[in-house]
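Here it is, the structure, as structure tokens.
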Amino acid sequence: MQGQSQQQAYDRGITIFSPDGRLYQVEYAREAVKRGTASVGIRAEDGVVLAADKRARSPLMEPESVEKLHKADDHVGVASAGHVADARQLIDFARRQAQVNRLRYGEPVGIETLTKSITDHIQQYTQVGGARPFGVALIVGGIENGEPHLFETDPSGTPYEWQALSIGSDRSDLREYLEETYEEGLTTDEAVGLALDTLARSNDGELSPEGVGVATITVDDPEYAERPTDEIEAVLEERDLLPADEDEADGESDGE
Amino acid sequence: MQGQSQQQAYDRGITIFSPDGRLYQVEYAREAVKRGTASVGIRAEDGVVLAADKRARSPLMEPESVEKLHKADDHVGVASAGHVADARQLIDFARRQAQVNRLRYGEPVGIETLTKSITDHIQQYTQVGGARPFGVALIVGGIENGEPHLFETDPSGTPYEWQALSIGSDRSDLREYLEETYEEGLTTDEAVGLALDTLARSNDGELSPEGVGVATITVDDPEYAERPTDEIEAVLEERDLLPADEDEADGESDGE
Amino acid sequence: MQGQSQQQAYDRGITIFSPDGRLYQVEYAREAVKRGTASVGIRAEDGVVLAADKRARSPLMEPESVEKLHKADDHVGVASAGHVADARQLIDFARRQAQVNRLRYGEPVGIETLTKSITDHIQQYTQVGGARPFGVALIVGGIENGEPHLFETDPSGTPYEWQALSIGSDRSDLREYLEETYEEGLTTDEAVGLALDTLARSNDGELSPEGVGVATITVDDPEYAERPTDEIEAVLEERDLLPADEDEADGESDGE
Amino acid sequence: MQGQSQQQAYDRGITIFSPDGRLYQVEYAREAVKRGTASVGIRAEDGVVLAADKRARSPLMEPESVEKLHKADDHVGVASAGHVADARQLIDFARRQAQVNRLRYGEPVGIETLTKSITDHIQQYTQVGGARPFGVALIVGGIENGEPHLFETDPSGTPYEWQALSIGSDRSDLREYLEETYEEGLTTDEAVGLALDTLARSNDGELSPEGVGVATITVDDPEYAERPTDEIEAVLEERDLLPADEDEADGESDGE
Amino acid sequence: MQGQSQQQAYDRGITIFSPDGRLYQVEYAREAVKRGTASVGIRAEDGVVLAADKRARSPLMEPESVEKLHKADDHVGVASAGHVADARQLIDFARRQAQVNRLRYGEPVGIETLTKSITDHIQQYTQVGGARPFGVALIVGGIENGEPHLFETDPSGTPYEWQALSIGSDRSDLREYLEETYEEGLTTDEAVGLALDTLARSNDGELSPEGVGVATITVDDPEYAERPTDEIEAVLEERDLLPADEDEADGESDGE
Amino acid sequence: MQGQSQQQAYDRGITIFSPDGRLYQVEYAREAVKRGTASVGIRAEDGVVLAADKRARSPLMEPESVEKLHKADDHVGVASAGHVADARQLIDFARRQAQVNRLRYGEPVGIETLTKSITDHIQQYTQVGGARPFGVALIVGGIENGEPHLFETDPSGTPYEWQALSIGSDRSDLREYLEETYEEGLTTDEAVGLALDTLARSNDGELSPEGVGVATITVDDPEYAERPTDEIEAVLEERDLLPADEDEADGESDGE
Amino acid sequence: MQGQSQQQAYDRGITIFSPDGRLYQVEYAREAVKRGTASVGIRAEDGVVLAADKRARSPLMEPESVEKLHKADDHVGVASAGHVADARQLIDFARRQAQVNRLRYGEPVGIETLTKSITDHIQQYTQVGGARPFGVALIVGGIENGEPHLFETDPSGTPYEWQALSIGSDRSDLREYLEETYEEGLTTDEAVGLALDTLARSNDGELSPEGVGVATITVDDPEYAERPTDEIEAVLEERDLLPADEDEADGESDGE
């Protein structure tokens, strides 16, 4: 209770530090990310893979309208976890930045450049008052100069590059699994399998083909492409991840 | 009480997250939606149906002045639940967006495009301080490229596409009923019947013809059209939903 | 007391919802309306009637300076209840809107159009911070395309159309009386009588000719006209509503 | 104490209503008016009279520098009670409005028109935050189209027309006296006498010639004119209102 | 304590009235004035005298840098008491106003006109939030059309004209002394003596020549002139106001 | 505790006075000044001397980077105490003012003029909200028209001229010492010695040559000049102020 | 607890001082710096060395994406500790300043000039409300006119020049070590070794080559250059700083 009221003294806004130098509102925004369903990103030898748990809240909801995977530019995709509406704002920002880059320099924006323009935008919402931080994390993946790249943005506005990562619910479990199983030199197709294996772990080991989204961008064909449902179903079947009774696959919702 | 005061520490504004990553003001705005009478949307094979409980507070009030159904553009209708005055602001916004689209691109705005411009507008009111979130949910339905579409907007600014849904009071009951009874391949007329069946469930199984509104937009004739009262009465009679004594049909009011 | 302090947590501003989705400041503004003397509006077959209790606080105050009835345009009148100074702001707004309509479209503004421009203006004061809601309700009556129309605006910014209504003190009593006695097909003169009957009910059954205002706009002569005092006196006498001793007719004041 | 703390919850700003629909800050501003010395206005058959208690705080203070009577335009005078500095702001506003009217329409501003432009200005300070209401009431008197008019403005921004009124300290006593003694058809000179009789009642029945100000505007000569001290002394003597020992006539000060 | 906490509820800002209509922040600013050393103004037959206690805090401080007397224009001087830095802001404002008057009308600004432009400026800081009131009072003295004038401004923004007055510490004592001793028809030189007599009363009856400032503006030579120290010393000696041991004359400091 | 909580009610911002007319935030800013190491200024017959304790926090820190002495213009130097970063803002402001003066009038800015433009700038931060006062005091010294001048600015924005003064830690001790030892007619070199004597008193009577800064501006050569370390060392040795073991001369740090 | 609540009264914003003249929010920002991993800067005879602990949080994270070393201009590097996102804002600011200098003056910006433009920018965030201070410290190192320079910026906005320093976690330990071991006249290569020795002390005496970054700028070749991992590994091996089992080298993370 002491700790509780102590904490409450410093967690009402982003414009104050706590005595130990923490920004509680940014930490709470990270909790908002954890309330969202998981997304996974994997950098393969020849491309990047983005996968997202996009289970619908109801059988009447169109699964494809659950926005977890986004095309930011031809060569860049984004997977999100947390507040869907906040994610949309950042994706719009990213798309405009990508367009501006093409207009100004006549070439596709770099993956790191794009990520950092997003995180610099996010940082503003952690220092200047009158608004709250973004309650969303993003995985930004794409091809730059023939090389696959995979970045993370978090609510503090810090960019990090990863070989493989997960964001959203069950983050530490999934990361641990990735650390154990990820190997350099994976093909994109192998990475798709690993991504689905990982996602399934926050889902009782099962995934319905409609409840999951997978996008890839490869070095050979650097165009953002979402995998069709039947293709996903085939991979899930191959890996024995299909639910026993697929009709029950409506469960936990996204965290907004 | 602990929980109570704990919650109160974080629910006074939209610019702060709670320690578990929630935005209480957005959740309270969802309560404002639940205080409004129910609206229902159903996507049929050949069109979309919007229906709304629009009972008047007094026999002297003109039922048609209870604004629950709105024409956003020729091919798009909107049903609302919650604060009427807030709904009007969003409808005005939607109409301007639709007009701008016609002027700029010479064609009707897409249903998803329109919905997302509304939800992006709503999101701003959940992140930047100085105002409250919109206390209203919308069902946006229309025809795009010959296909019927049905979307939902909520106070967080998240867009979802549905085959059939309800918003406002008794939401979970009505959704459950829709999940049980909705079937793909319904005709628009069958969908009108199902919509009225559903609405009647939040009304003791009865609806007065003046107390309900029904609008349809069909693929063959993509023009927003509100059904005349006598036509509604015929359907209600056919389905045995007319009140025993119609004069008593003034009850619960809209939630503002 | 629990409820009391619970309520106090959410009623200090218009930018926060209470946990059950209410806007207390808007509800309190409705209380401000109830503190004002009553006004009544009735739609007749051939016109609209606006009547208002405008008793002066002192025999030395000029009754005609108690502003309860306002001409918004040639064909539109407004009766108010609540804060007089707030009412004046909205009337000024309405007049400007009516003028703009004439300049832009060369024709008188529609009654519904005008009402909704007022309510949209009111809504802003319920969502954006830095100001309080308007503490006033209006009855907007007029002739549009040869048809009489009667609308209400309340502090939430919701517009409703009525056949007959009252606003201000004793609202539910007067409404009940109107629901019992109002009949479609009344002439304007009959409606004047009914309006005075109704008003008298919040006044111990008596009205002094100087303490009441009556305005009519008829289909045949769509010009806002306030009835002269002697004409009102004649109606009051005919209906036996004159006070036994007229000199005592200074009582309750308007609620500001 | 319950009532006390209850009230304190809603009286810290003009942007919130209390649960019973009151604006406490406006009511407190009315208390500021009552702290000021009294002013009286009387409408005569052939003119208007403004009179004000302007006792100085010290025999070394120049009585004419106690600002209670103000010329707003040739044909309009203003008497104030309450915060002197606030009064000056409103008088300046009134003078500018009167000038603008002459420039725009080539004629003197109407008394009602001028009063309402002042009250509309005052209303803004009761609805929009960031400032306090004006702590002053005004009596606006003048000649319009050959007719004398007398209006009141209060801190809520409500305009009222009176035959005779008082503002400031002892308001209800003085009003009662005016209601008993005022008669229609008074000449301006008779009204001056009545005004001084009334003012003397908040002063132990005595007034020193230097401690009171009287201004008149008559139909025949519609020019604001302050009566000279010797003329006032003559009237006071005639009515037996001179203090027994005039040198002691420094007492209560204005309420700022 | 009840009164204490009662008061604290309303004294945190200038934008709220207390329940009894007071502006506590303005009253507290008056306390800031009282913390400053005294200044005195006297209107003589043929000029005005401003005198100020300007004792230095240390023998190493230059007494002439203690700013209590200011030239606002050739024909206008100002004596201040309270916050020195606040006084400087108002003096700068006064100087600009005086310059503007000369440029616009080609003549020196009137003393009353200048005073009222200062008080109107001060009033703004008592009504609009975001700043505090000025913690300073001024005596504005000068010659206008061959007549000497002496005005006071206080933190509320009220202007008053005086024959003789004091501001700052020991105000009521000094005022009482002035009321007893001031006589009309004094020459400027006699007024200088009276001013020093008065000031000495808040200083144990003694003044050091360096610790006091005297400025005069006479009808014959309407130019602001500060009296040289030796001249002041002569007057002090004549009136037996010199300290027994002049070296001890460093005591109380100005109130900032 | 009573006094404690009493004080806390009024010390949270610069826009409120306490009941006794104090501005606590300005007083707290003065405490910030006292937390800084001492600076001394002395006006000699033929120049001004500025000296500052600029001990480094670590032997690895470059002593010359401890900013206590600043050149504001060729003929003006400034010594500071308190927040170094705040001092830099004011120095920048002073330099711009000095430049503007040269451009506008073609001559060096006066020392008093420059000081007062700084204090007027400081005053703004004590009256208008949204920022804190400057936590720094300055000694401004220079030559104007062949005369040396020495001014002080404090956090309230009050300018004072001194013959000799100290700011920062141990202020009253050092001032007392200066009052005892300062004599008019000192040469600049004698003043350098006195300044170092004074500074040493807040340092256990010892100063290391690197831990102290001395700047002079003389009438004969009105150019700001900082004395080289060896020259300072010579003076310190002559006056027996060198530390017994110079290597230990890292102690107390500047107060930010 | 007394001290605790005492402190809490003044630590909620940068616009208030505590009674003892401290800015708690700036002190808390310094705590945020201490939460970050350590960085070290050393000025050698012929260059400057920047070294940073940049251990990744996971073996899947790319170590080079942990941003602790930044190139600000060809001849200037920056090492940071604390909030990575805040550091990025300041680096961007520094880069723009460096570019502006080149454009305006046609030459590289001075190291001190650049540092001070950064600290002046930081100071604004400690005085004006509506934002929080920067939670980051920087070491700015580079070559100016053939001389190496090393500066520090802290959250208060104070610039200091150092021969050698550390920022971030374990600051006082590392500084103590540097004070004991640093000697003037080191070569850049020797300084690299000392920097790694120092960094290893906050890491149990071990550093993995990938978890540390080293940049140098030398007088002979004033170009910012990061040392390749194999070169770092060689130095670590030579100094026996390599971890026993390098695979375990993921531990403590950066402090955001």
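Going in written order, the chains are labelled A, B, C, D, E, F and G, and every chain counts its residues from 1.
Convention: a residue touches a chain if its C-beta (ideal position, glycine included) is under 8 Å from a C-beta of that chain, and two chains touch if they have at least 3 such contacts.
The structure displayed is predicted, hence computed values, not measured ones.
Enquirer: Moving step by step between touching chains, how few steps can get you from chain A to chain G?
Expert: 1
Enquirer: Once you find the CA centre of chain A and the CA centre of chain D, what distance in Å lies between them?
Expert: Averaging C-alpha atoms per chain gives centres 69 Å apart.
Enquirer: Centre to centre, by mean C-alpha position, how many angstrom separate chain A and chain B?
Expert: 31
Enquirer: Pull out every residue in chain E that's touching 2 or more other chains.
Expert: In chain E, the residues touching two or more other chains are 129-130.
Enquirer: Could you give the sequence of chains met when travelling the ring from chain A by way of chain B?
Expert: A, B, C, D, E, F, G
Enquirer: Given the complex with chain F, which residues does chain E contribute to the contact?
Expert: For this pair, the touching residues of chain E are 7-8, 11-13, 24-25, 28-35, 57-62, 64-67, 83-86, 88-89, 92, 125, 129-135, 255-256.
Enquirer: Can you tell me which positions in chain E touch chain D when the two form their complex?
Expert: It comes out as residues 9-10, 14-23, 116, 119-120, 122-123, 126-130, 151, 156-165, 175, 178-179, 182.
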